[in-house]
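Okay, so subunit A shows up in both of these, paired with subunit B first and subunit C after.
The block that comes next holds the complex of A and B.
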């Protein structure tokens, strides 16, 4: 800490400005962020239908209800399926594409710009577009399958209970792939070129170079991509809400749509809050693990 | 270097992914100019006779014009407030005037990891208690509060690295803290300012979750929620819906194509937020 004795007095008066600088941001943050989040935590210990003037304290019973609620577990399972699909495709395809285009050139830059473009679109827009693509009668996907002679693969993508959650996760991949490409490209560009040079002199082939140099050097990038997509998967709400609303018969219900429904459709605000706390805990644990792993790595 | 023959599979892979990414865009652009019948019969082809009326129908009949104004107000005001508040907070916190500043910083950045879904119900109840439901202010305050953590994080990281000598010199020259912020630190912070603007522009323009729970008055809806209504209203008119999709998306896409580097940089720093 460098303190300069001469300006200590001056600094003291100056500190008032500093406090003033902090008041407005902290106030907005406290009122519209911290307060509702804490309230969410408190509400999870109450039973409330959203109308009654008094909330009834029920202790942990919302959490106990949650652990025994098949719909919660179904939504949890769907969230996991969605997340695994998202993480697998976004990491593997992202890495593949990044390896192909990480060297700076006009054509590589063109592909990168193109892959990243869906990130500019609103989830509503994306949901409406894919809602149409997946439409069983007029949708482009079934029309395409028919045109190439794969009629037996055509189906009702968003109402087939076994398919719908993966169909939704694919939409998320479509939007997010550019993000992982960009992150991997940045990671690849940071690997010193000399490493490959000396490996080649030592007679290492492309595969060996990839497994011995690229993969270890990309460890922290890969970790970031894994964690970001995992969190993105657990938070998923928008695409599901727009395209299926959690249907058909809850086969695409995820945690975020369930907590929304418990409050607005079933008027069980306390239970909804308990689910949101569960979601928060899951996301926090993933973030904490990420921090730990990254620190170890650095 | 790779020989020509070896490059074929590489470009095949790149092209296949490019087609997967671009097909929906192509489908929407061409579909927005087709008749409903044409879209049904020939989803892959070009429109025979461009139906510009679909755009008029979306803009006027669908009320997108009205939603456009709301979106511009909400996005614009929120971004200005975020810029001012987060840079002020970061400036104050990097002064390290007390031990508490580290704690306040932590309090801010903890918010990066918390998704809006967690408190969205409570937020909407709180807004109606504060008589802010169905006002654009409800959206603006929510966006500002939720985007502050990331923006403070970006400004803090940058301002921390500004050499102490620069600030020292300014203080010796008689700058007070406000002048130091306004005349010295902010002009240096062009990079983080760009990142914060770009990240928030995309996030707020496209957001659907806040307007979904905070706004029910049709006159106050923003573009994404306005477009969502098309699903019910124009259930059989996908062409009009596509025109709406184009109208909503075009401002950001055009900006992105003009400023790709800045967008990609801003958005990938924002990725930390997921």
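The block that comes next holds the complex of A and C.
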């Protein structure tokens, strides 16, 4: 009896300790995530310039304005283009590079580190580096194209409205590809070698091995990469902000830069909050769908 | 025993988190005696302060001076040292935040709202000053006697509702800088008409130089073109942008149409360097300083910076003429000195404002930053400033009168100009801009 009571008491004390340990992370979560997001939601129903002592309640006006604002839709379209480019290239190129360096097993650690190095640079540094590379007058890219006789391909990379969003997404791909490579290589290491051996005995060539073994076995990893890059794409701000600031003529405006401008350049914090709520909903829905696919696969 | 250790650790972590997240009680400015009083008392619903800021008593006072003027950093540091020497009880923390205006006002506003770290600050005339005055952050300087120390033409720039809230520390002008050595090499004279500018641009291009270097990748730089042209076409209509904001004027009508047509014409004529829309402002300065471009469109605030890039660089200045309009000299008031009315160290901040308004300080500032003075009785001895004053020899327009108040309107105008510089036709760019303006007016009225 005493032993049972002792066990129950020990379990209760153990649970209490666990709950107490949870207080700190929950407090951090509430302060740095829950509170700012609830505050954003709250602010989206007000009109406020950031300094006035009184906020004016405007109900759903900011959301109505958002739905009729061409700039919001332009930014939304740009965000979609940016995200699709990022997801496509970071996933496909990441997979391709991972497979290639995995085959070269002796040096794959070296390449994995090499590809991951850009991720260690700060976004501002990367933005400044590519700002110089893309500079239309003195930039390395145009100078290189001129040097190899491709003058007709030189252009103003960050002001041509048909190109700028892809030029910016490329920078993000360059930075993020290392992360995809690391994840894919980890996934490849978990595929049993016997499967390939059996397939070879059955006469399967490299392409068949890739499509019938590698791809299905990497499904979970691929979904993780897709989720991470999609979220990264929708939240993109730093590279765009540093290199173009959303210009020229909003051709590289994305939702994150738009909500920043609405708050700090145009002093419309309520409208900015409404855009941030919309962005949160969009990212949450897409992530939920992807996570559902991930769970289904698991 | 273990569980008590765990419990103690958890309590320490929670307490640490709570302490780290709590609001510090000590204001940035103010004496130790005022430390327990928040620097900015919470305003009441009508926007008025609920309590007067606490008065300073003995002891050292520390005040924060916030500015975006990174170009003047060394000069301002020396001025702070001069002030501290004269006022041993007051310490001034000079904080230069960001030369990007959006970032600057983000930081300034957050400091003002939090009540920390902005006892005296620089502000632009126009929308930003309006906002800060309305929110009660700018001290009324009307009866302080400081306004009278400045030239009369600059007094009204800091006035809102008949009260003085800002003191114009210096003024600038938009100008096209031309490299005198390269002009001599190409046999060119200082342009005085559009035909002259066009000839200079063509001669530059033919000789392998860039014509006018422009950093149009940064939207604000297009403002230097359309505001200059607007002044050229409507030198006496100081409400020209106000009328556009009120809906009285339309972008598709005069005088805007002439201005927009001129921008298109200049673009077609190849007045600006290739890829100007993709060139950042700083890069345009480099192109000129390195002698790759014969001309540069900027403001007179760049005089000191260009000299810093290359001491041997020799240049002259002229105002950009319109295709069918003579150039007008632009008087563009630069930073205003404002004192935070909600600071706990207002008296010390006022003393610093008095120092900045003195002949001694303004002479030092103008001579060393090569910017035109605004305080009465200041004599400067800078060759480049003589060039600036030449811009004002003919007709002039004070830009603050024509400032666009609404930052969204500024953005719309920048965008219209950028679209035209990017090759879009004037009619459609004006129509798109006007649609945005109409929507803005409807929103502001609704």
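The criterion applied here is as follows: the second predicted complex is superposed on the first by the 264 of 298 C-alpha atoms of A that agree within 3 Å, B and C clash if a C-alpha of one lies under 4 Å from a C-alpha of the other, contacts with A are read in each partner's own complex, and residues count from 1 in each chain.
One rule holds in what follows: contacts are C-beta pairs under 8 Å (C-beta built on N, C-alpha and C of every residue); 3 or more make two chains touch, one makes a residue touch a chain.
All figures in this text were calculated on a predicted structure; none of them were measured in a lab.
Shared-chain residue A:101: touches subunit B; no touch with subunit C.
In the overlay built on the shared chain, the residue A:174 is in contact with subunit B alone; subunit C does not reach it.
When the two structures are aligned on the shared chain, A:138 is found in touch with subunit B and with subunit C. In the superposition on chain A, A:129 makes contact with subunit B only, while subunit C stays out of contact range. Judged by the number of subunit A residues each one touches, B leads among subunit B and subunit C. Within the superposed three-chain model, A:24 lies in touch with subunit B and with subunit C [touch as defined at top]. Across the two superposed structures, the residue set of subunit A contacted by subunit B and also by subunit C is 17, 21, 24, 28, 31, 50, 131, 138, 264.
For subunit A in complex with subunit B, the touching residues are 1-2, 4, 7, 10-11, 14-15, 17-19, 21-22, 24-26, 28-29, 31-37, 39-40, 43, 50, 93, 96-97, 100-101, 111-125, 128-133, 138-140, 143-144, 147, 174, 177-179, 182-183, 186, 224, 228, 231-232, 235, 237-238, 241-242, 256, 259-260, 263-264, 269, 272-273, 276-277, 279-280, 283-284, 287. Contact residues of subunit B toward subunit A in the complex are 10, 13-14, 17-18, 20-25, 27-28, 39-40, 43-44, 81, 85-86, 88-89, 91-93, 95-97, 104, 107-108, 111, 113-115, 117-123, 125-126, 141-142, 144-146, 148-149, 152, 164, 168, 171-172, 176-178, 181, 202, 205-209, 212, 223-225, 227-228, 230-231, 238, 241, 245, 248-249, 252-253, 256-257, 260, 263-264, 267-268, 271-272, 274. Taken in their complex, subunit A has these residues touching subunit C: 13, 17, 20-21, 23-24, 27-28, 31, 49-54, 65, 131, 134-138, 155-161, 244-245, 247-250, 261, 264-267.
The residues of subunit C lying in touch with subunit A in their complex are 3, 6-7, 10, 13-14, 17-18, 21, 43-45, 47, 102-103, 105-106, 109, 112-113, 127, 131-132, 134-137, 210, 216-219, 273-275, 277-280, 283, 286-287, 292, 407-408, 411, 415, 418-419, 422, 443.
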